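Input: structures, listed below.
Next come two complexes built around chain A: one with chain B, the other with chain C.
Up next is the complex of A and B:
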């Protein structure tokens, strides 16, 4: 796709997304807002798994760090939520930098183990520190604006998701993105041609963590009640399934995955709480037989147009 | 208080070591971490509950049958999910993580969220050195765990299969050149790793009832033990398991019980900071 065509597609998509919620009721609007949160989460997780070949199981935990940091600052100290969101993003980035530089020198498996442990520990700390976090009861936080309107939140989340996708696009199509892919394909060869492998890995993890923190902080101020559900393994799995089913290693795959799964989940819920099990099985089949996800399947069967 | 904490620490330490040996074996041979390790532990607990409590089998028969079933399941998992991912470590991480979530939700659907447990093997309590009374079931679990660990060590040191395992974890290509069928070895050792999770599950489930989500904490502890001891090191598992069991229980008794599992994480971070290869691990060349 040429640059012009791509820009045109992006503008049309965003314009379409802007009018989309206008005629809808409050509930579909809510589903769209949560979908946009998942778009940010899945797209940033994809930067790790799809572009640098490392698996973090603490992405939801980073969203939790963002949400709780911003939420606690706003609810306990009365700090403006927008400043809180910045602090949440910053803290998630710092934790990403710390954990990343600690375990990535030992290889990718250590990152997976440590992030899994980190997300469990975060959960324990949140439940135990009842005075600060209100434990499983959830922490009530103020909204981003004085008045509460789903439509306004929708536009905020849409803008945030667009910003994140643009940043990711720029990163992936720069020298940095080339370095990331080199690290993913062959670490030794990348090191041999002068790519700083460890730095690239830590950088990708830090950026992805910061994005998760940012998404989580915004999401928390939308929900108005932050619970340990945000940094849970269930949410982590959800993000992972969206990326795997949508298509790892492509920019648009996780976006499609996020919308498809989140909207379908609402339909499956009519029959009971089966959606996690169903998504698990579908994701297993996808990861096994169609590792490039829905995007990969579409590309395989796309009719080749004569030039 | 101190004596009973140490006793608890020893019992838990042996079980941690048992759970971790399965992980360590698979990492050493295949460089694959099975994130569904804890869920297989739980599955064995459910199986032994079904066979012993619901179907009235003898508890020993129920335990052996459960371990055998999980062993077969492990082999099936290796053939269907792990084998196609050779050479791409990332996919095996993702696949086993998804598998663990699928299993958790399947348990929730089948068995419900309530804790289930198989019957106790022995009743009553024993006076330990006149210090305190300790449940017989826990003592039996300690002995059974130690026996299984000893059996694994014997197998690895003395048998031909153990020699193949050692050769392959030292140098995979060299072992292949000497005629080792590494594909079959992978299959068997993955099954064996799962069976060891199952052994830990059937031994511990009468003491700690199984719930659909309980496997996460078990698996995490096993992973911490493996990192602490050094990936692929068997002695590391035993020492690391005992160390973690003691630290957790002493910490829970004297610092804070709510933070019991956090001590393991702190140890993990300290190990990564000070000695990333673990206590008995070989540093990467």
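Up next is the complex of A and C:
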């Protein structure tokens, strides 16, 4: 796609997204807002798993860090939520830097297990530090604005998701993105042609964590009640399924995956939590038979125009 | 003057001594062959020199600088490039992108268009410009080796380490490849250290041969001296 065409598509999409919630009721608006949160989560997790080959299970934990940092600052110390969001993003970035450095020499399953442990430890701490976090009861936090309007939150989340996607787009299409992909394809060969493999991995980890922290912090102030469900493995695997089913290693795949799965989940809510199980199975099948996800299937079957 | 020097390089994996006190030197502007029976430690020596492994003891000196233990990417940026025994292309990237990865790290800050031109030049140099848009995983073995060579050349090295580039070629192709390796030195001024099992090829192109056996340097010398040496014949054929 040429730059002009791409810019046009982006403008039309954003304009469409701006108009979309206007005629809708409160409940569909809520579904769209949560979808935008998942767009940010899946797109940034994709930077790790899809572009540098680091399958982290600590991404939801980073969202939890962002949400609880901002929430605690606002609820306990009365700090402005917007400043809290900045702190939440920063702390997630720092922890991402630390966790990424810890996992530097680890590949594949070891990195996954370490991040899994991190995520579990964080959840245990949150559940048990009742005085600070209110445990499983959940922490009540103030909203981002004085008045509570779903529509306003929708536009905030839309703007946030757009900013994150633009940053990701620019990264992926720069030299950095090319180095990321080289690292994902073959670390040894990447190092042999001069790619600073360890730096690239830590950088991706830090940026992705910051994005998750940012998304989590905003989401917390939208929900007004932060519970350990944000940094949970359920949410982690939900994000994983969205990315895998949408299409790993493409920018638009996780966006499609997030909307599709989250809206579908609302439609089949009557069947209880079975949708998580179904998504897990579908993600498994996709990983085996259509590793490039829905985007890959679309690219395979779309009509080819003669060049 | 020696461009690359190994001083008493030792490398062991657990209890296995893969290299013991390997001393060698590669003069600037020469083509040096590295031969030896299977398991002699040739590829381990490459990995140790190029920064993929840290030596257990000993030093590696490149271009007057001690580079022992430096990571592979740093060694590459100093001007040492390598190919792999079994090719390791970036499978999900196009051939052009494969070469561009090497170029962007050698020439940071250069505009994308000029990097692409440079990468395409390298693909043409190894004879596969028509494959620029093809995903690397779809190439056959010989094309992959060419791609890897183009990628190595795009790092603009002074020293090129080649690991078995002749495998799978027929006689005519081998002759072409020998001429090609000579041209790397004669036209580009590269120094070449070259592991090869196809003995005829390495004897034609190299001025000097280093023979490894069981992790030790058995001998080093001119090709005609090496093939006549009793110890070398024994190492290959047994007692």
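The rule is short, and it goes like this: the second predicted complex is superposed on the first by the 303 of 307 C-alpha atoms of A that agree within 3 Å, B and C clash if a C-alpha of one lies under 4 Å from a C-alpha of the other, contacts with A are read in each partner's own complex, and residues count from 1 in each chain.
As a convention for this text, contacts are C-beta pairs under 8 Å (C-beta built on N, C-alpha and C of every residue); 3 or more make two chains touch, one makes a residue touch a chain.
Source: prediction; values computed, not measured.
Chemist: Could you classify chain B and chain C on chain A, in the superposed arrangement, as clash or fit?
Modeler: After superposition on chain A, chain B vs chain C: fit, no clash.
Chemist: Give one of first, second, both or neither to describe whether A:167 is in contact with chain B, with chain C, with both, or with none.
Modeler: After superposition on chain A, A:167 lies in contact with neither partner.
Chemist: Looking at chain A, does chain C or chain B touch more of its residues?
Modeler: Of chain B and chain C, the partner in contact with more residues of chain A is B.
Chemist: Answer with first, second, both or neither: which of chain B and chain C does A:116 touch in the superposed model?
Modeler: So A:116 only meets chain B here.
Chemist: What is the C-alpha-centre angle with chain A at the apex and chain B, chain C at the ends, nearest 10 degrees?
Modeler: Spelled out: centre of chain A as vertex, angle of 70 degrees.
Chemist: Considering only touches as defined above, state whether A:97 meets chain B (first), chain C (second), both or neither.
Modeler: A:97: touches no partner chain.
Chemist: Of the partners chain B and chain C, which touch A:57 in the superposed model: first, second, both, neither?
Modeler: After superposition on chain A, A:57 lies in contact with chain B alone.
Chemist: Under the stated touch criterion, which partner chain does A:106 make contact with: chain B (first), chain C (second), both, or neither?
Modeler: After superposing on A, A:106 lies in contact with chain B but is clear of chain C.
Chemist: Counting only touches as set out at the top, which of chain B and chain C does A:178 meet: first, second, both, neither?
Modeler: The answer is second: A:178 touches chain C but not chain B.
Chemist: Quick one: is A:190 in contact with chain B, with chain C, with both, or with neither? Answer first, second, both or neither.
Modeler: second
Chemist: Tell me, in angstrom, the smallest C-alpha to C-alpha distance between chain B and chain C in the overlaid model?
Modeler: Minimum C-alpha separation, chain B to chain C, in the superposed model is 5 Å.
Chemist: On chain A, what residues does chain B touch that chain C touches as well?
Modeler: Correct list for chain A: none, the interfaces share no residue.
Chemist: Using the touch definition from the top, list the residues of chain B that touch chain A in their complex.
Modeler: Going by the criterion above, the answer is residues 27, 31, 33, 35, 80-81, 84, 89-91, 93-95, 97-99, 101-102, 105-106, 109, 216-217, 220, 223-224, 227, 231, 258-259, 261-262, 264-265, 268-269, 272-273, 276-277, 284.
Chemist: For a test of understanding, state which residues of chain A touch chain C in their complex under the given definition.
Modeler: Residue positions touching the partner: 175, 178-179, 181-182, 184-186, 188-198, 249.
Chemist: Could you list, by residue number, the parts of chain A that touch chain B in their complex?
Modeler: 49, 53-55, 57, 102-103, 105-110, 112-114, 116-118, 120-121, 124-125, 128, 233-234, 237, 240-241, 244, 274, 276-277, 280-281, 283-284, 287-288, 291
Chemist: Along chain C, where are the residues that touch chain A in the complex?
Modeler: 50-52, 71-73, 76-77, 81-82, 84, 88-93, 97, 100-102, 104-106, 108, 151-152, 154-155
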